[in-house]
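Presented below are the structures under discussion, each in the form of structure tokens.
In what follows, chain A forms one complex with chain B and a second complex with chain C.
Take a look at the complex of A and B:
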């Protein structure tokens, strides 16, 4: 399966919108996820499970820095880096 | 006692961290055995809870039981630091749920009972002696009955996949493995006791009698003490029937004045009388004889908080000056991420070391942030600074503002100016501090 940048962004927005925001908030690729209260010390662990299972990637301890989780765009870049070469365009 | 010979996870200790870790794991479907040395309800100190604790209780499904108990809701803090007095209200920082002052015997019992209702097998008056990690896939925990059954009790054992050490300052596994590091730069001692009928400070800066504590929410009153170069401080926490008053003092200062007559109790009462505002609050109060307790040398951390077969959480992982009431929330956070990590490890054993590394890094980041917040002269490595920065960045805007304001109140702000980048958060925090003057 090839995943485009747009597909990754859409999957991330769907997850954040339905699971973490429970549709309280409209999420765009640039929404500040931590400031908006969507990602905190607790929900980030749910998000890591989603990232690993949905994209079949491995998140490491050093990946969990605020720079990688600040926005959907930052998350997309993280996912893209973690995807096996096969999946990249 | 019918402690099974095997289970998935053994949790040592039935305080908030242990009870919540056990609850989360049981809810994920694991067989969890919790061994508690004492018999609940049992005494514990650490009575002030920040509003952040609710989300961990929501996750465990225990919030309604805590709400139903009717603990004292606190409005914020009143802080008297070297001649300047300020107050801060949690609602000014965007918090919508209350902070609480809790009797820990009752609060901890609610969490432990809830763990039992969620399927955790709980055995009280059982002391863990040590654990054998020679086979990381089958950890053997050695224990012994204490209390009434102790006389004929022989050491017994239970085998599990993981042991979670939530044994508080006993730090059973941390000590066994030599992981504890006493904070040499921060050798404090705490002495505390209880009074009835103390007056208190509310969020409006006025003094109210104890009889109004349920109608006019109290603040936690914190004051600098003259002993020891601006490090020392006191707490005044209104509970439902009593008031907890504690002094945190540099150990070196305590040693220099130790040759006092009358023991700790009269020494403690003399210290309380020497603080004008505290004396004012205590005018109608009665001291509870025999209620004075003390702890020495209590700041420490762990060089490692997880390893093959084990996780350390709560006070068993580290303990810092309790000045900003972060201890219980930190314990609950550790419980949540330990349960997460154990679940991931058991589902994907090949990646266990990676999931333990995630747990370790996140918990150590939070502990480092706690040190930056609590230590008066915080000095750390560049790595420590980075850890604290990461933890605070994930804490969200409300918590960042609150921490910065709290740091400003107690002259610990230099630690924070280097950790919080946003000038807006700094300015907002400053603006939300309200000057306060109380006629003594």
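Take a look at the complex of A and C:
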């Protein structure tokens, strides 16, 4: 199955909206997740498990850094880098 | 090379060899003496310190602030209400003994070989441990703030348990990695550790957690001794995700310097009729119930830092919150 950028971003936003129970908060691809205090260590951990299970990718310890989790766009770029070549557009 | 030079070279070599031999021999004898006598020093010093820590003049002279802190902690928790037989003087003596004598010895104890170390330790609930570990689903060892807590891991290492991982504070992780700690990186350091923890548990390993060392937004407020405390639910989340057994383990030292390790009954993970958040909240409450009993059983073994944190943080509980919620 090929995943487009938009599909990845939508999956991530859906997950974050549900996980953070922030129905009223509009999460956009550019929402600053860390600066807004939306994610903590447990949320990051759960997000990693979601990424690994949903996109069938493996997140390494060195990937767990501020830059990769700053926004939904940054997360999407991380997923895109981790996806097998077949899935990339 | 002349004959004289050869002789000089030989003399020098012999001198170096003798020096090396002597140094090696001294080291060997030092080790022998240390290995033979260190446990004796330990128990003799334990007796002396246990006596000293119980002397009112010594308490006033050396540990005035610490005594005041323990007294304040006993007032804040009102432990005497839960255990009328509790003797504040004994709690103070035990706390001073742990904070001075045991604090100095505990890292040295960890370095002792099993033959010296094992007679020092009493294990209770060993069958509970074996039953949990043999399930092969991983074990989350739940502990709290005592100086002897890390010795549980030492015992497990001697028993050949692996893989093992201990969850540390973000500051400790940064220090171990030689990084400068910053508040921004803290959640990432902890998330990395949780990620590694998941792999460890999936491999049937053991993870040691002191739950309130974690930080986060999702902490669950639970009443504990007249106060409402926030407990991070990361360990419960890990258990539900991996199926690992959550085993509370306490470790305390007595006034003779002997260490008792106790494995308690595993926590229940709830059932499918409950929502995930309900299950997590129920697990955290079970941990706090364990904490309630453990504090009451050996209050003098709590780290003074933990007592200070309890005294300083959290307003006394209002009437709406009741200890019946917990125990």
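The definition used in the following text is that the second predicted complex is superposed on the first by the 86 of 89 C-alpha atoms of A that agree within 3 Å, B and C clash if a C-alpha of one lies under 4 Å from a C-alpha of the other, contacts with A are read in each partner's own complex, and residues count from 1 in each chain.
By our rule, a contact is a pair of C-beta atoms (placed from the backbone, for glycine too) under 8 Å apart; a residue touches a chain by one contact, two chains touch by 3 or more.
Fair warning: this is a prediction, and the values are worked out from it, not measured in the lab.
Look at A:34: by the touch rule set out above, it reaches both chain B and chain C. Contact with both chain B and chain C is seen for A:42 once the two complexes are overlaid on the shared chain.
In the overlay built on the shared chain, the residue A:66 is in contact with chain B and with chain C.
In the superposition on chain A, A:58 contacts chain B only, with no contact to chain C.
In the superposition on the C-alpha atoms of chain A, the part of chain A touched by chain B in one complex and by chain C in the other spans residues 34, 37, 39-42, 44-45, 48-49, 59, 61, 64-66, 69. The residues of chain A lying in touch with chain B in their complex are 34-35, 37, 39-42, 44-45, 48-49, 58-62, 64-66, 69. Chain A contributes residues 34, 37, 39-46, 48-49, 59, 61, 64-66, 69 to its touches with chain C in the complex.
Across the complex, chain A is touched by residues 170, 184-192, 194-196, 198, 214-218, 232-234, 237, 241 of chain C. Taken in their complex, chain B has these residues touching chain A: 55-56, 59, 333, 336-337, 340, 344, 351, 354, 357-358, 360-362, 366, 390, 393-397.
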